[in-house]
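What follows is one structure encoded as structure tokens, with my remarks underneath.
Lettered A, B, C and D in written order, each chain numbered from 1.
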């Protein structure tokens, strides 16, 4: 198994080697290797049940593969808890929006700042001095995200009542608030109309170019993937069947078979 | 220190070996208590299985049904008529609960349904005290035909006493479980009830509405409660303290799982026998009264190692 | 309608994030505080203080404690009564060992003990969720009740098995025990409750409170945002139990005067839970509304028959009260599962958007 | 009369001393209102200006300003003016081609843009703008990869200014001196009028025009430095220029920029302006949404609302005009104020409004009275870019929905024989930039300006506008045909959005009607009327029936007025598509381009003058994404019976 060589001499941010994950004998991912380069937009595609979401779950420490190694920033990663993955700079969004329904847009995005806030109970109780300064500094950061995502008008609305497209946007904002090095997006455009998809694509591209955030995304809309991604990895039945630039992947016979054959 | 370890680990077992007749007696007592726990737990399971409602009021239903029975008898009804009338009351109660509580709360969060049954507990408790008084009463066991005698068994140079009522309780419990099993597997309604636990649509195709099913399971668990109440009342007294004891059924459920009838029985016996043994052989070391918390602590410890219960399957969390 | 917001703009995040960003709310709270601190002690009879205000405030504090755990952190608990008991017994032992130390210090310290106990019983929460957790808190309830009964050291080996509160002074005024005047006790409780409520509000709107709510709303997402579930849940248990503990200490020292194990039984746990349900999960205002309702309703119901000249047994009234509260709980769950707090919130929203039906 | 200073930047410097600590500008940015007091604004402007000069800005240069209401763009005006250069604000929503014309015509050397969108628009046409040397922008988002020589951040320009100030301490003094020496009669801004026909014209205004007009306007309404206003109308529009820039500078009051156009309503509520301007459309829209919202309110609340609105109708205006009202009515109104008017004004963010104006078009009398009856001092004014806004305005207490008020201070008014209104004032413009012909057509050598509007002065000395002078036509029977007059009467019905009337040189009057989608859709929903598209809704028989009732109502109105009695509407149709600025049917300020509509819908018009009952039409349209397509429809034509005209009126005419 060869690992794709570095493109443009970009450093490898994350690499998975021979990763296998199974649930009670059912293999969700079998022997997959691929890497994500710093600053790129990497797409993971494949038919339903191909193991895409499991892949993300492995990357952010929610599932622990039975075999294989994960290397993060050149260091081999041990079995870790999701919150440790978060602390090391991996953020994500979810296929079915997983916002904190009882909170406002603002609080949801503030929630993404949890790791950036440190002040202890004493100051929190008084809500003065350092705790307040910290709160305000983070609020400012969050406001910049709100501005970036153009959601100022829903700032103080509870997220539960927002339309789906806006919820997805808030969720992106929440992940952005973590200032991650690697951002995992699980079908960021599922269930959106054309206009919303265009907006979301623009945000993803801007996010990548303005802040240099590395992005790995799962997406079904091939048009979107081809427009956004620098490189694409294709999974089918838990196995990698192609890896390369959008153009390469599109012309791969195996990919065509997987999509047409399965009748996707 | 050494003494303490000794009294915790060695002494109880030595005692058991020394007086096996006493041990048998203790286990039997625990077994009967366990059956009663199991019966209460069975009421929970019936309702939980069919409607997903965690019925906190099961305990008070036991007390309430027993009070109704005694109350009706005191009002002049012959025992058997009173029994049938009580079954009628439990039926009306079940329909009322379905009509005025469950139907209005359909599709609500589990916790809300739980709390509704806590509210129901208060209502039944208040109503029970209002109509029948708050004082302790004794069950009309003689009138219902239970003999108060005992069967003595001489064994290991000692005497083990089996109260007739306890034997009756065990037998009735067994009969009841058999009846319920037959009901579930052989009757149309029973099959519908089982189906509803898995798939609401499937149940509907049998031609019974969800509302009817709820009323039926509440009625069924009402009858279970009545039987429990009679047995319990015959063994001791009918009082509202029973409600607190009934909470132990929750611990039973944790051991046995929320949806398994077999689990409820095994769990009930485990708790019943376990707490009696613990109380008798280890209780004195702690100063007694450990029965009050043994079931819960057992459940808690159990949960830490096997959160899904004895018969549950491991759940894979999905993102 | 009363909310005339036009012209209230914020020029700093501090102002925007203030507890009460609307001027009308600030006036409202000022009026409430003025009533509580000035009008009530000045005009209230001692019956009113002792039978209504003091228990109301203590229950409110306990409800705040439970609401932090259940309403904000999403961990259902049925052991509130026992945690209150830990506070009360701890305070009693502290006054026994350190009779010269100020009673306020003891009351506040006693919460620390219940916080510790809370953490111990909170440990299973990492692996156990929802209803299962409720059952482990039952374990805490019954185990602690047993301790209060069987560990005689806790009540200084006296024969009654009860703890008796000594008279203690603060700035020369007796605030606890039989000799303390209702007004003095009322002031002490009011101050503690007001300050602790403010602290709770501060914690809840900050990093820690947000962490709890994240765990409550979507624990997996919270963990992927870097929240450590164990730490968040245990801190909620600790914080909540601290409040319950202090409420328990106040209950015995400033209200009941003496207490035994029955004062902290499971019925108390339920009582506080009802306050939280009826008041509203996840709302501090709701704690006070719920406590007022659940506590005051029986007092009113007791008073009504005699006022109307009906000759009804006290126990009968009590049973009817029980039925009414039970029905109200069911009614609320059906009509407004989020309790008074939501009703208040909706009313407030209506007043803000008046005359329109909703915000535009 | 107050002695005026010589330039707008000079007022800024005065304010920085006189009102140093008072808030000059607020902007809701990143969730909170950021504030700048006058001395901070002066400092920002000074650094901006000195930096701009360092970029090469010099006397006489034209600088385009493109964007929405942002503090930095407002500061660009004095910064440019203090370099003796001329700011040229451009409508931010105009498409690249429209922008190209203005920038090319003005010969702009620089442009100040709000954000990437505007910068991209300019860069897309830069080949055709040889004069354009550099673009300065406000918001840095997405601007990373542009040529730093040609595209510069305002903050960078200000840093440049700072660096110069650091190096050379005297530069500040020199700058202040230069500001002091600006000539009051020099041109200080060019405002392009969007013009209903033809290319936009650049109206050159001098400092004197703007300053004197502002002093007069402030005096007229007693506006001082305590006012608050919210800036949300296009920067390039003379109204905003005067209300949010020159009047603010002269009076020293604060201007607040909303967070975005989506949040204007909320932001207005937060700020609660004391001085407020909105075109009739905004007031109409607000009223419609109030009524729609109240439909959803509970029974009691709705009853209360309608009851108290009736009360307000009866006595509200009289109370506002300080007329005598009996104590009972006064009390009743007071109650209404507590329950309805106060909260309503609060929701609208108009609780503190002292003076509100509307202008630009006729406002429906009912709408106008509605706001006044709530206690909002809404007034009408009549103005033009060429007059630096003010020609006439309604003085407090002399309000009539049908007039536009008395001549503003120092304005002379006269009516030509053909009914056209002419004026002369200190605000009269210098001329059209690079268009002497048009200047000569509009402005007489002795300073009188043709407004192009027909009107008359009533007995009370108030001006009444009937229509555009050139639009007033003649029917074949010799009767007068004032199209706008007719159109407005119809447009005052809330379910009608736009109307185009025909009749000049015809036998009778007929109209196109555009339904108001919000109002009609709401009605349809409540009456369970199902429709798939705008087109289907517009053609619905019940909609036609409603429209016919409206037309009858208007006809009754017209029949009662001698001069227009013959201009009753005989035939009408409901258009199958909304008139749209993107299709060129409306101007950017959303006025109908009559000539264009005439050509585009010629077949429909002809059909109105035949006995056809329907007509097929196919129209090319531009979609939001810029693509074009066609809409086909068969439009129904309806005929209405005319109202009888009373004999005495006939004779009078």
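Just so it is clear, a contact is a pair of C-beta atoms (placed from the backbone, for glycine too) under 8 Å apart; a residue touches a chain by one contact, two chains touch by 3 or more.
All of these numbers come straight from a predicted model, not from anything done at the bench.
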Chain grouping by contact, computed as though chain D were missing: one piece
Set of chains adjacent to chain A and to chain B: C
Furthest chain, CA centroid comparison against chain A: B
Comparison of B-C and A-D (more C-beta pairs in contact): B-C
Separation of chain B from chain D, taking each centre as the mean of its C-alpha atoms, in whole Å: 77
For chain A paired with chain D, centre-to-centre distance based on mean C-alpha positions, whole Å: 46
Separation of mean Cα positions, chain C and chain B [Å, integer]: 33
Whole-Å gap separating chain A and chain C, where each centre is the average of the chain's CA atoms: 41
Residues of chain D whose C-beta touches two or more other chains: 31-32
Interface hub residues of chain A, defined as touching at least two other chains: 62, 94, 98, 139-140
Numbers and ranges of chain C residues touching at least 2 other chains: 12-13, 220
Residues on chain B engaged by chain C in the complex (per definition of touch): 54, 100-101, 104-105, 108-112, 114-116, 118-127, 129-130, 134, 244, 247, 250-251, 253-254, 286-290, 292-293, 296-297, 299-300, 303-304, 307, 317, 319
Partner chain C, residues of chain D touching it in the complex: 26, 31-35, 265, 269-272, 289-290, 293-294, 296-298, 301, 304-305, 339-340, 342-347, 349-352
Residue ranges of chain C in contact with chain B within the complex: 76, 124, 127-128, 130-132, 134-136, 138-139, 142-143, 145-146, 149-151, 220, 266, 270, 273-274, 277, 315-316, 319-330, 333-334, 337
Chain A residues touching chain C - in the complex, by the definition given at the top: 60, 62, 81-83, 85-87, 91-92, 94, 98-103, 107, 110-112, 114-115, 117, 119, 121, 124-127, 131-132, 134-136, 139-140, 174, 178
Residue ranges of chain C touching chain A (in the complex, touch as defined): 12-14, 17, 199, 202-203, 205-211, 213-214, 216-218, 220-229, 235, 282
